[in-house]
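Shared between the two complexes below is chain A, which has chain B as its partner in the first and chain C in the second.
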Partner chain A sequence: MSAAADAPKSGFAMPRARAVKLTRWAIIAGAALFLEIYGRFFADPAFMQPVSAVLKALIHPILSDPRILQALGLTIFEIGAAYGLSIVFGSLIGVAIGSANLPRKSLYPVILLLYAIPQVSLMPLVVLIFGLGPAAKIFFGFSHGIFPIIVNTVSGMRNSNELFLRAAGSMGASRAQIIRHVLFPNMVPSFFVGLRLAMTLTLLGVILAELYVSTGGIGYFTRLYAESYNPAPLFALTGVLAAIALAFNGLVRIAERRLTPGLRAAPAVKTPKGNNPEGTAL
Partner chain B sequence: MTDVSQSPSAAAAPAITIRGVTQRFGDAGSSQSVLALDNVSLEVARGEFVCLLGPSGCGKSTLLNIVGGLIRPSQGEVTVSGRRVDGAPRPDEIAFVFQESTLFPWYTVIENFRIALKFQRVPKAEWDDRAMAALRAVGMAGFSGHYPNQLSVGMRQRVNMARGICVKTGILLMDEPFAALDEQTRMVLGEDLSILLAETGKTIVFVTHSLAEAVFLSDRIVVMTARPGSIKTIIDVGEPHPRSPDFMLEPRFGELRNELYALLRDEIRKTMASQRDPAAARGGA
Partner chain C sequence: MKSENAAQRIIQFAFIALAGGAWYWATAAGKISPLFLPRPESVWNAFNRLLTLGQFWPPVRITLLTIAQAYAIAALCGILAGYLVTRSKFATEAVEPIIAGLFTIPITLFFPMFILFFGIGTGSKIAYGAVYGFFPIALSAIAGLGHVDERYLRAAQTMGASRLETFRHVLLPYAFPVILTGLRIGFFICFASVLGGETLSSVSGVGRNIALAAELMEPARMYAWIAFVILTAVSLNMLVTALENHAARRAGRS
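What follows is the complex of A and B.
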């Protein structure tokens, strides 16, 4: 309610940052309150439990059971490994395909076709090949994550402005210099779009595999809680997975901010004394 | 870097010689084939400012790209400072300023200068002094740490022009550098350019659509015909650089402008007619 009081009078003015934050927290608090009341008084506890019960389940058993913590640690390791492999191979393949016409014209359509395959249908095969351990999960995360990185690396290299290439050429840049100073920097924003998409898909791949192979790890516990009609720890576990995803995304964002030139904090526009930059006398 | 102007024989020789240049895009005889330039010959003296003026599509930019070594001509040859240009850029002799700013958006203004000087193999110790001198010359020294997209279009093109001037080439090829700017900014940048040129003594070939710009800046104006482009006539302006804006108020300025317009009008009509009926135009040619 205080958020509304903070909002500026004019309907068209930009809301203040504080008003935005307050409104957001008010909505979250309102939703939590609603779920708490609904879960406590109206819902079937076999399917839904109030927020307080979920928070309690988060502390116990989720964050206090060493088996669950171990399973979460394993999941984080699998996501990290799958993501790392996706980045290494995705960018290598992407650069290889994007840097010459022959592979781009011959191989790229095949990659796009593979990208379109709903990989879930191959899950049983992956488990047959890689077994029930982390290898299958890492592979599945990797096979999901690699495609957006390839696709965005290739498109980033393709979108090199012809004008920049011509300018660099006219200034006498060597082939290596053009790659280093024109093609790569031009590719970076698109590459990071790929990295963020890949993060989401890697996570999806690993979790899907976890759920399918439910003899251990997170999948075992989600099945355990679901089948024993105990939704509170299930929600809490889902929340932890979401937090892991957010943490990985945060890392990507930090890397992006550091590595994307032109997005870095820029100096304020200031006019030095005795200098009239925008124009001489008109 | 050879300073050719030191030797008396080279000083007398033209900076750029274009001999019988013909440019055809696509295979001769095919229906897609376009004859862009037809037997163009021109000499540009050292330190001269020459404008290429003509209807759009007449091959002005193509000619500029051929001189700069970005395109290899179908026939004929271009020599720059006595050496033949054969479809390979000559960064030690020739700098380009393109219509749009070619400042790399991922580098700051000063980094853009450094990278240009690096590409041109200028010793590292000179980079910043040269860059700042060029930026001061166009009144942009306070913006060396900015990224191009933090500058207005006019400021960006000002920096772009400064980058073309700061490199150590004797020849500057400018392809409609002010086309994207509003008229007031163009005039101001034109004045700046006239002053800078008088100071640096560079040879400039400048492509433009603007009659006023051509008269204000040029020593000679090369008027080209509609496609296939050839030289219709060459007009001498004969006014020393640097030129003050007062030149635009002189009767001679208006007369030259009108003369250019009369010359171009026919060519523009021809272009429009051929666009309306391409088959007839080809048959007639």
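What follows is the complex of A and C.
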């Protein structure tokens, strides 16, 4: 926590970090081993299959069936499209609301109110309006993802230090220059918090809609496997989707590390003990 | 200052009036098919019909009970896990990233498994809501309990406090604000995931009724249910915010 306390034992920093990492992997491996043994010897095969059977199912029905591959590809496309739309419209609306006092104070509460609505209750409506195809899923992902981006853009612009603004103003910066050189760099960290949250919620929205529409896409296959008590391909498909979700989250992390002014200057390698406190923020 | 406040209120009011007016105008002029957006009065009538026919309270009761059970499990397990993990710094560093990493995967993905294991009754919704609510509560409990100042702990130890006493009088008060944030996030996640679970696959509850009304092409009834859910969530949110502001003001004064 405090640099001063850790400084004297810096010689032990590397082995300790490695031990932490090893323990972490040991826990994961232990869980996998437990599931393998439990699935193989104790569980009812209609509900639970060992990890090895799931891996076999991953190769055979999941990754070799062109219909499933197509559904997976469509899901990736939907997530990308929904996320792209969220970023474009979220940042535009966020900048429009956050740029001046009056719209911020009057419309920001409205946005927060809309953000608090449990959107799952609107899912049947979205499907009713947009149909069973990808449009409903893209819209549902978009409507989930846009709010954290708006909220964090606005709060990022608000948090700009008054002192910087006044300094820039007294040095004769124009409004455009203030936005470009003061407001914008100041907004970046908060904006990325929004981007990360938006990715989580976009994934949630797209997957919820995918599961709800069970006549095609991923939802059809998950329902098929769950209702025919065929857990191995169900687990494998879920695993693939989880990997896709992790990959999308990883992309956002990489973009954040590359593009945030403060983080770019300090490579993570210098602090082996740091286990990224940012990771805990939802 | 006063006129600025008034201007904000006017803009907010205008915004809501505009949305309501657009709804009224579009449905009255027949611009939108009533299948997608029924008239406000038919939604109101549908809501009244739900009440008079006694179709309103049974699903609400089931959903509320499901949420309460799911949330109780999530809160207990989350705080317990946070406490156990933070007993050593090593365990915190090893386990916390696993929990945080799992939480970045949308747990909705695993919903078909919950159906497989627990059936389509309330059991699967309780489990799903509990697992979804567990993560934010556990993460905040780890963040809160894991960063208690060493000196307080050592002082309590020197003065001969038992484990329970240390937890009750040192750890809990110190970590409480952080845990409270997690409990709040966890509650709304629990709320939304139980509703979502009911919408996805269920035999009863509010979410099921929304999906059923959509499947039966009864938009007025669907809108009545949706309006009920939205009003409940928004008023709960406002209540929690007001309580937090009240607590913050009291803490600031004392």
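The definition used in the following text is that the second predicted complex is superposed on the first by the 249 of 282 C-alpha atoms of A that agree within 3 Å, B and C clash if a C-alpha of one lies under 4 Å from a C-alpha of the other, contacts with A are read in each partner's own complex, and residues count from 1 in each chain.
One rule holds in what follows: a residue touches a chain if its C-beta (ideal position, glycine included) is under 8 Å from a C-beta of that chain, and two chains touch if they have at least 3 such contacts.
Computed from a predicted structure; not experimentally measured.
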| item | value |
| --- | --- |
| Touching partner for A:Ile62 - first (chain B), second (chain C), both, neither | neither |
| Touching partner for A:Ile149 - first (chain B), second (chain C), both, neither | neither |
| Contacts of A:Ala173 with chain B and chain C, given as first, second, both or neither | first |
| Partner, of chain C and chain B, that touches more residues belonging to chain A | C |
| Footprint overlap on chain A, where chain B in one structure and chain C in the other make contact | 275-276, 279-280, 282 |
| Residues of chain A touching chain B in the complex | 163-164, 166-173, 177, 181-182, 185-186, 188, 260-262, 266-267, 269-272, 275-280, 282 |
| Touching residues (chain side chain C, partner chain A) in the complex | 4, 7-9, 11-12, 15-16, 35-36, 90, 93-98, 100-101, 103-106, 108-113, 115-117, 136, 139, 142-143, 147, 185, 188, 191-193, 195-196, 199-200, 206-207, 210-211, 213-215, 219, 222-223, 225-226, 229-230, 233-234, 237 |
| Residue ranges of chain A in contact with chain C within the complex | 1, 19-21, 23-24, 27-28, 47, 101-103, 105-107, 109-110, 113, 116-125, 127-129, 200, 203-204, 207-208, 211-212, 222-223, 225-226, 229, 231, 234-235, 238, 241-242, 245-246, 249, 275-276, 279-280, 282 |
| Contact footprint of chain A on chain B as seen in their complex | 68-70, 89, 91-92, 94-96, 98, 100, 102, 104-107, 115-116, 118-121, 139-143, 145-147, 149-150, 152, 154-155, 167, 184-185, 188, 191-192 |
